[in-house]
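Chains here go by letter, A, B, C and D, matching the order in which they are written, and residues are numbered from 1 within each.
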């Protein structure tokens, strides 16, 4: 089965009301803004969407809101990871039922999993749903590092068709191409690696940046598509300070602060996560003014 | 407030029935065997007890079984960690209500927490309960490394009185003594560091080993207590292959296999965790025969 | 002063006679072959040229042979690093006297150097010569990691005008561009990063690969120069197995073996370095046959 | 052959005259002071003695001065490491001729050495001398990490009888005992690990600290010897700030500064190494006043 995703895969945050409930209205608006700006896919319940901090009910609620609001205009890639296989199957089936285009799974780890455990985990979920699965490798958050070799084995499972690589090491992508062939559907999940990954053959860029700068993200992708290295490099270095900032300070904290600077009211982060400290917000403001995302003073 | 724990703090596994439910009878027996063998405290719902893989209901069930079975014969230290502060408070209050002597909290991480977030997390829980709290530092499982400096700040919170250090670096313990004074109640959570930690001043050893070899663990502690370095060293090197094995292969997998080798029926591990592969079980059998825990052939 | 180097900066090995002396004739031929193949600069006495394993006399001998043989057809970049500042000055002055276009210096480390020590080291050498200096950062061999910040400070010294980055992390290059401006003359020294580095703005690629595949290296550079991303990617993936091999097995060992496979007699490596084991040579042979560098059987 | 070293193995610095030559008089005095204080062996030309920064002639000069001054009162362990095997043999033979009790060799690395290269390196030297060889493992300075397995294989070479472990990880020592038996002659080279290493069975402590606090170092060793854990712990924590300081700031810089604070004139460090910055000297002064090594004000 061929992969259905390409280009800018946008990860919305999960906004909350002042009482700490999921803010359905604002979530819908964020998603709608992204689609209208031209992103190529929407991925709710990622790290940016604070998936692990939500209850099972909240996860189902977010998936439903986003899929309904996207309404088929672009594909949806829904995060369904859980620590146990049983809960992962549960969420994957639910996402499929809601009409998700595909699901994304990171093997969340407390005890480091063996290769056999990882493969059985994916295989068990894959057998229970018919839509495509994207493997997600992000040792910095998930605590487990999937080697290119393990990923290549996962990609042999029937409906496991894509991989999001977030180690930030372009050599991992080279290895995937060498192991799986140049048609392997790999996606870059490390924002500052966007340029290098596209040139290495990445089919898409999984990123929270379109919450704030979707046009710039799309501009970079388009430049690569038409083979204009100079324009791609210029676009990349222009947005790089913003990309570095959101990675350095945690995507939910940084994206929430940026939306607040744009006038949105995204509510409190879920504890123990806290809002970005004031001096960091000021630093972020300067970056956003430089990008003409918010007006300078 | 002075710390109430010392010596061998034993971590029972959580056994399951063949249907995957918590095996209440076997759990009670494991705990009872440990207390009768002479361990100095019982700590349910640790990493060994697969805390993060249990539902909220199961966690409460395990805490209740263990506290009732111990029945005050030794102190209990109940794991109450959750990714969110709200769930951590919930479990801490529940443990207190059940009569736990103290609770243990590891700041579980998906997004890396800032120092301020960590401190507020503990402080929020501490304000809601009256029993002592033990900080637990284990970057290999929790994904977050608490520096000696942060730990020393946490120990200034009213009822945060103990710290379990599982980095496996004795220099961390030296730093704690230097920062907090020689009366700091630190406990070693890295099995192969047991000897070095006691000599450095550790008040106790938090370990899953007493599921299998409680007498040897106590023997090491007693030798240190009476200042017999040669006997302590001899006891340590004798049990070291077992300690190294259970760390290398994951405590729940290794302890479950060892209990099975002793004739217990601990049930399936919770997926994605799988039973130890057969060749590893054979290796473990040889170690246990060498320790005269099971008969040789 | 603007940097004078661009494109493929080729690092010849230092061949030895069967008695272990520098093989002047073969060294001259290797260099001549590179220049005729079209490389843009020649860099004797690099890591590939086993600089640290040569006596002071041998270093001067190699510098002289190479500079004479190049005879101004392309620029020369001569390695002059030593553990002490005094010896570094000595070799830098000697290289300048011989007519080197520029010198390259890695701050070799036994005791980790402070920032102040690193800066004074370069500054002392810079004051004693008039030709440009290239900073070389390679923690894997040199044992010391120069941060982008320290490199940016070194580039403010009068005739320190270039930097070769060999950490293999493209983010370091991004930081250099951000700190020093887009005109910063940085060169990539990590072979598998060649494609990503050029796209990020690297002015050149410092590599031992032209000992064997100069045409492929130049082909990649030319594709980037004319903005043909697809051709650059294709050329890159074609030569990547060779680049990965020489990095994995150590440049002097791997390049020597490849030259032997081509029929040259490069002599024994200097002990403790040993020739590539036979099974690795066989692996290398298959790679070279695939690249049509040597005939298949 | 049984190992001949035990206890406190003291590493003198190499002092220089104001003109940068080896200060023979002061070097002799430093060594003499150590022997009179009761250290159990003297080890010239270690990392502390800035071995890699000395010319071949200077190395021979230092070895001669120290061996003559010790005059057989305690054993001498002379550093003879060089990047090439040929130079290592040269210095080992010279040390033997001068009457060294044993030599110490760290496999200095520029290109990472394979296991076969490491073993051949030691074997070649071992065949050329009759005195014992100590393996020295210190990846932080040497750039190469010898696994316990490789060390155990080196210890099978005829006159390779000792190993100095400086990784600072007591688990490495456990592994050595497990692989080589409890009689393995291992020595600790990580100052802050002194207590843990002795308890784990280390035969000695290789340290630069006796340049300044020989009595305290010996006191710790003696407490362990008589099995007084409490006294050993007390002595250890007392000297720990000094041990941490000299490790954190580099042994030659820190020891030189401490000797200057005691009134000695040790001359300039060899560039690129520089004297400890003034604020660090002040910190060191406070530590030394606390230890009553120098008078307070």
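By definition in this document, a contact is a pair of C-beta atoms (placed from the backbone, for glycine too) under 8 Å apart; a residue touches a chain by one contact, two chains touch by 3 or more.
Computed from a prediction, not measured in an experiment: that's the story for all the values here.
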item: Longest centre-to-centre distance from subunit A, chain (CA-based); value: D
item: Superposing rotation of subunit C relative to subunit D, computed on C-alpha atoms, to nearest 5°; value: 180
item: Centroid spacing, where centroids are CA-atom means, of subunit A and subunit B in whole angstrom; value: 35
item: Chain centre separation (subunit A, subunit D; CA means) in Å; value: 52
item: Subunit A residues counted as touching two or more neighbouring chains; value: none
item: Chains grouped in pairs wherever the two touch, ordered by label; value: A-B, A-C, B-D, C-D
item: Of subunit A, residues touching subunit B in the complex; value: 47, 50, 52-53, 83-86, 107, 110-114, 116-118, 120-121, 124, 140-141, 143, 250-253, 270-274, 277
item: Of subunit D, residues touching subunit B in the complex; value: 168-171, 174, 177-178, 182, 192-193, 195-196, 199-201, 224, 227-230, 232-233, 237, 240-241
